[in-house]
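As written, the chain order gives the labels A, B, C, D and E, with residue 1 at the start of each chain.
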Amino acid sequence: MRERLSLIVGAAFFVFLAVSPLWLLRTGYLQGLGFEAITLAAMAVAWNIVGGLGGRLSFGHAAFFGIGAYTSTLLVVNFGISPWLGGIAGMVISAVVALGLGSITTHLRGVYFTLVTFVFSLLLVNLARHFTELTGGDVGLSVPLTEPSFLMFQFRGQQSYYYIALITLVIFTAIAWLVMRSSFGYKLRSVRDDVDVARALGVKTEQVKLRAFVLSAVMVSFVGTLTAQHDLFIDPTGAFGTDRSVEMALGAIFGGAGTLWGPVIGGIAVVVISQSANNALQHVFAGADVIVYGLFLIAVALWLPGGLVSIPRRIRAAVEKGRRKHQDQTTPVPPRRQASEKSRR
Amino acid sequence: MSRALIEMDGASKSFGGVKAVNNVTFTIDEGGVIALVGPNGAGKSTTFDLMTGFQKLDSGRRRTMGIDTTRSPSYRFPELGVARTFQKVRLFPSMTVLENALVGGLAKFHSVSAAEGAARRALERLGLDDRADRSPAELTLIDRKRLELARALVPEPTLLLLDEVMTGLTPHEVEDAIMLIRQLVDEGVTVLLVEHLLKVVMRISRRVLVLEHGQLIADGTPDEVQADPQVIEAYIGVPRHEEVDDAGR
Amino acid sequence: MIGQVPLDMQLFAQTALTGLLLGGVYGLVAMGLSLIFGVMRVINFAHGSIVLVGMYLVYSLYNAGVNPFVALLIAVPLGLLFGALLQTVLLGPVTGKDELRQLLLTLGLSLIIKSIAQVIFSPNSLSLSGFTAGSTLVDIGGGLYVKPAHIIGFAIAILVAAMLVLILRYTDLGRRMRAVVDDSQMAESAGVRSKRIYTISMAIGICIAIVAGGVLVTYQPVSPTTGDAFLVIAFVAVVLGGLSSVYGAFVGGVIAGVVQQLTSAFVGPALQDAGLFVIFILVLIFRPNGLFGRKGDVA
Amino acid sequence: MLVVDGLEVRYGDARAIRDVSIEVPDHAITSILGSNGAGKSTLLRAIAGHLSSSGGRIVFDGEDITGLPPYLIAERGIAVVPEGRRMFSHLTVEENLLVGASARRSQSGKRKRLGEMYDLFPRLSERKQQQAGTLSGGEQQMVAIARAMMLNPKLVLFDEPSLGLAPIVTDLVFETISTLGQEGLTMLLVEQNASLALATASRGYVLEQGRVVVEGDAATLQASPAVREAYLGMGIEGEAG
Amino acid sequence: MTNALHGTDQRHGIDKRHGTGERRGHTPRRIRAAAAIAGASVAILALGACSSDGAAGGDGGDSSGTSYTIGLPFPLTGSWASGGQASANGALLAIDEINAAGGIKALDGAQLTGVTADTGSTDPGQAGTVTRQLIEQDGAVAIVGAYVTAFTNTASTSAEQASVPLITMSNSDALGERGYQNYFQVSILASASGGSAVSYLKDAFAAVGSPVEKVAVLAANDATTQAQGETAIQQASDNGLTVVNQAFYPQDLSDATVMVQTALAEHPDAILLGGPTPAVATIVSTARTLGFTGPMVGLGGGGILDPEFGEQLGESVNGVLSMTSWNFDLPYDGIGDVNEAYKAKYGKFAPQEAGEAYVAVWEIAAAMESAASADPAAISSALHTIEFSEGPASWMPGGSVRFDETGRNSVIFPIMIQWQDGVPCTVWPQEVQACKPE
């Protein structure tokens, strides 16, 4: 029932996104922002499979973003291969790399996993800068501007990019939804809660972790291709840099990690908030927007632990409480303080 | 009563300097209730861990349902029909009661809905069905134990290892638990118990294994074991509250 | 680039020496991180920014005419205060909570600190101009050179490390810190004021980072983004040493410094961090709890 | 002497105990019986300051300690042997005991007390340097008791000390409790094992669904048909005690 | 994200922020933290409102006529912010001067408005986004930006897609190879400055009588510096010099002892170097204390030209050389006054990128004059056809600027400066020499 409702609201939200270029996002600039927001949401959805459902905070997903970006770009620049195919190639390579990195990190717990993924992406930054013959080093790679062509992933204006991103997001959300309902999803959550017990209950924990990691990596990799072809340029820090990894994790956490809609909302919200802060405040002093953005993160951490998606639940709880207070008036027990587990960690 | 469900051969495990389980050999054959008793720290829970692959054997061998599982990871055991509970209850905190039980079924059922059906039946059996959508944190310790037991029952195991499930129950509740165990046995499940409630153990088990200092010091029928001076010395002690018992009865 | 450098002993010795001295200060940064993680189970993603605060603090004091090493003494109480304040106002509510919240909070904090630093100190890189102990090399014989500031920094690092390990292992305070880690409520029932313990631990952890920043600025220019690199190195060091082993973090820092310099000299400067990262990943694969870590240890 | 007056504690909206009033006289063992979920642990945790109450008062030695944080309650001389033992798992046995004395000031007093505890539980003396988390259940229970005693408490709250203990260890634990009782220590003992509890205690209360339903001295309770029926059962747990 | 600023002082915001919100006696922590955060947010928003008013007022000057926007996407935060802000400052200075001088006369004295936008520091995509914003939201008719090659890359793509001209002060050769119609590069190519470093060095020091035979190259591995370093290495061997040591180091280099020692072990006569300010400053001071007395020559651009480089090294900066494509002592009338104006406004001499951005804005103005139009396409084609040979628009080495069909400046040649008395002074080639090399 509640799930049905969330699906309806979600579908309505996608319809809203689909029509918004018609009335809300009318300029190329706004559609470009829309592209950014939606791609971040898509990455957050992908990240959430590992970081939210699996409870393994990857801080190195930029690695796969970068692989997708570089693979498709190298193929189009050097061989004129369509970025669509390049994107698939990038996904394959990402899968292989994720399989490798995933298998050597399955036994790592908590922070250790986070830090290895983090360092892995930094390692790729280093390597991409160093092996200039392949990657162009810090100069980066430019994709030549061509006539609009679906095959070559080049379009006039931002609208087509926007819709491609949106379709990607819809597909990703559907994948996440399927994952959450499947036995794979339950296994993933059990691994998050208690690996040892999950294992003792027959969950092949390494396999589950690995699959989640690979799936998520492959998804992020495709977004890497989208972004590189949209920007027509890629360089090592833009591709593999920490900010990218952090951003997708933030999107998911901000919206509500481990939920279906949290990463979607969170990914979009992160871009909307940071861009509007930027718009409103940049002229105060350079970086004022960053401060507001930082304050936002802190505020969510302090007062909105479940992320943005927990707001409806909180409102509902508050309303119910209010209602109950009304009914309770016959037996006036002053609920002075609720028994709370004081200071238990 | 002949098929060997688990065969431990020279199983050992130490932690740091402590030999928790020391060269233990026994076979769990099919049917009925078998108890594993012994003083605190004797290595009972560790033995469970070794029987289910939850801890790796330092040395020795293990066969499960006739298959060599010495090196098998713990996730193999539910498939083979072995399920267990933990002395210190370990539930999945972020999942509901139903979901906790459901995960137990995934080893056996391939579809989520089949696992959910089995989970609901198990919850009902343990009287938890009315709390299916609660969080385990809202349950009392005892209900949490029940939930863990339900989770172990979902995959319909042939061998069930219960680590102190009756600890902390009132006499009435203990009776309920015994009924449940008997039912399971009738359904063909072999139950292996770790329990300190000697009276219960002796009443329902057909065979009792006694561990001390990581070693098997006795193995036999309840009567044999209770009469064993070594067991009395190490575990049962000289009953001090006999009179109270009588009064209570 | 490989092979161009003559692999002679003197170069090796110089490299190892420089790495050791730099590594000591990395270790200092890492110890603060490790302590905060060990006691509060908070990964402080703002740690690099705290180091930055230390750098700007000592920079400002220096410009006000204070000798940098005297400035460090002034930085100690300020650092303690800052840490205590952070814990009471910001981190307290998320201590012991979901790590995602801690992540949001510390990341947010880090962004804010960096932005404010840029506003106050401009984006330019600043250094203690005229402070020669940090810029000139001294010949210590055998063709080996060191910067006096490096030596002093290393000595301070050793001192802090020793103090911290002693406190954690052998004092009431240390035992209480570790007890609170295991079960804060039970510790309270034994009379331990766990919030105070958190505040003290955070104060010490932050103070160490501030001091590390102060040491760093004596030989390294500071700009608003300088802290980021130290965050990464501190992570590496802490994990190499075994996450919540404070002593391990120090050793991890030293290892990081040496590996970095050796890679730089014998593989190529561009790959100095790559070398470090490879070692890091290898260690974690083979020793998931780090070189010195036992699960859940602090000290 | 501890007086609990009309105490109410809630978990969210659910009232776990309501209008509970008990008295714990000095130099005696008072016991609380009740089935699972009756609210026994809740009561103890409220007294210890782990839970805050939504009504009523807790008075200790004439001072209202309602709502005080646990460390202040500990400073007033109330020690806890909690349900599930709750070791400082990564600390050694000795460190656990030393932390147990955190509310005390004197260092030498602590050391002396430490020696007394090792005399009381020689087993712990053998395991001084072992990490507490790796001890067996019985050993942990000893540490929990010794840790509480380190505080030199005026009142000790025991929550189901026999839980999960082998008969022989249960014996040891209850012998220790009796000994301490004979030495004049005031104790509040929550125990499932009613026969054991009533044999040890001089007075008792029975909690049912969060309320006190029966109270009286141990002999009266033992004789009460209701108590016999419900808590002393058919004697199945007798051997354990 | 844009900023209708106008030389808005980057600094005045935060100081006011300080007093607000904080310090609240004994209120519970939650409330305290909430108040602090809310207070800070409100303060910043309020300041935002105020200064946007201020910017709007100050901008159009007294002209009631039309105003055209020039977009200035630069990295204003993050690790490139120092050069980004200097570039923006140079551009804004030019806009002020143009407005003060009566605006664009061919367009009835229309005024120019400079709108800056922050490209951030890591994601090149962001530079593309803000450039789109400048063009579409703010109606920029031309863009000057984005200082760092990677950002210039995406910014110029956005500009190209919108057919709006963009003039850059980036140095990378690759930018001009993309066949863009609306891309213009006023500065020197990395290959040219890196390459000339060797020949200038040879010539200049042959002229003062100390020949250079062996060189070491120590360059950061960012795009421009690495390209400069590679060309220099190439050029050295073409010129019969030996490169005895080469290293491309990471920008956050923490210590240079080992690297410099390794280089000095080969006894080079000169060191060619480049990178961000802290790194090059460390390299120079390390080399000096290790007893190296030969010339040290910057490859062009970056840290070695920044005012902070001089501040960091103090006395020992003097003598350090560098390639560059702009200096405030070039022999053109008025260029010195501009530097004075810059100093008065920003407290430091105008570094290379500020000068280039300044010139670029004047070129746009000149193109608008010549086309008598503010249509981006018209500006673009004017930029392609005009030879800028007078006024500030021509103040690049060579005395004039002409963009070829790839958009590169076909007139420019690199110059070499030497730090003397704490400021860079042009020493080579002779026709632009302001000081003698020491």
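Observations
Please note the rule applied: contacts are C-beta pairs under 8 Å (C-beta built on N, C-alpha and C of every residue); 3 or more make two chains touch, one makes a residue touch a chain.
Since we're looking at a predicted model, the values are computed, not measured.
Touch-path distance (fewest steps) from chain D to chain E is 2. Compared with chain A, the chain whose C-alpha mean position is the greatest distance off is D. Here the CA centre of chain A is 43 Å from the CA centre of chain B. Averaged Cα coordinates give chain B a centre that lies 73 Å from the centre of chain E. The distance from the centre of chain B to the centre of chain C, with each centre set as the mean of the Cα atoms, comes to 48 Å. Looking at chain A, residues 126, 129-130, 242, 285-288, 290-291, 295, 298, 302, 341-344 sit in touch with two or more other chains. Counting partner chains per residue, chain E shows two or more touched chains at residues 10-11, 13-14, 30, 33, 76-77, 81, 85, 221, 250. Residue numbers of chain C whose C-beta contacts span two or more other chains: 90, 93, 115-116, 118-119, 123, 183, 185, 188, 194, 268, 270, 273. Across the complex, chain C is touched by residues 57, 104-105, 107-112, 114-116, 118-120, 122-123, 126-127, 129-130, 242, 246, 249-250, 253-254, 257, 285-288, 290-291, 293-298, 300-302, 305, 341-345 of chain A.
Here chain C touches chain D in the complex through residues 172, 175-176, 178-179, 181-183, 185-194, 296-298, going by the rule given at the top.
On the chain B side of its complex with chain A, the touching residues are 52-54, 73-79, 84, 86, 90-95, 99, 102-104, 106-108, 110-112, 115, 151, 155. Those residues of chain A that touch chain B in the complex are listed here as 181-183, 186-187, 189-190, 192-194, 196-205, 258. By the touch criterion stated above, chain D contacts chain B in their complex at residues 11, 35-37, 83-84, 130, 134-139, 141, 160, 163-171, 175, 192, 194-196, 198-199, 222, 228, 230-241.
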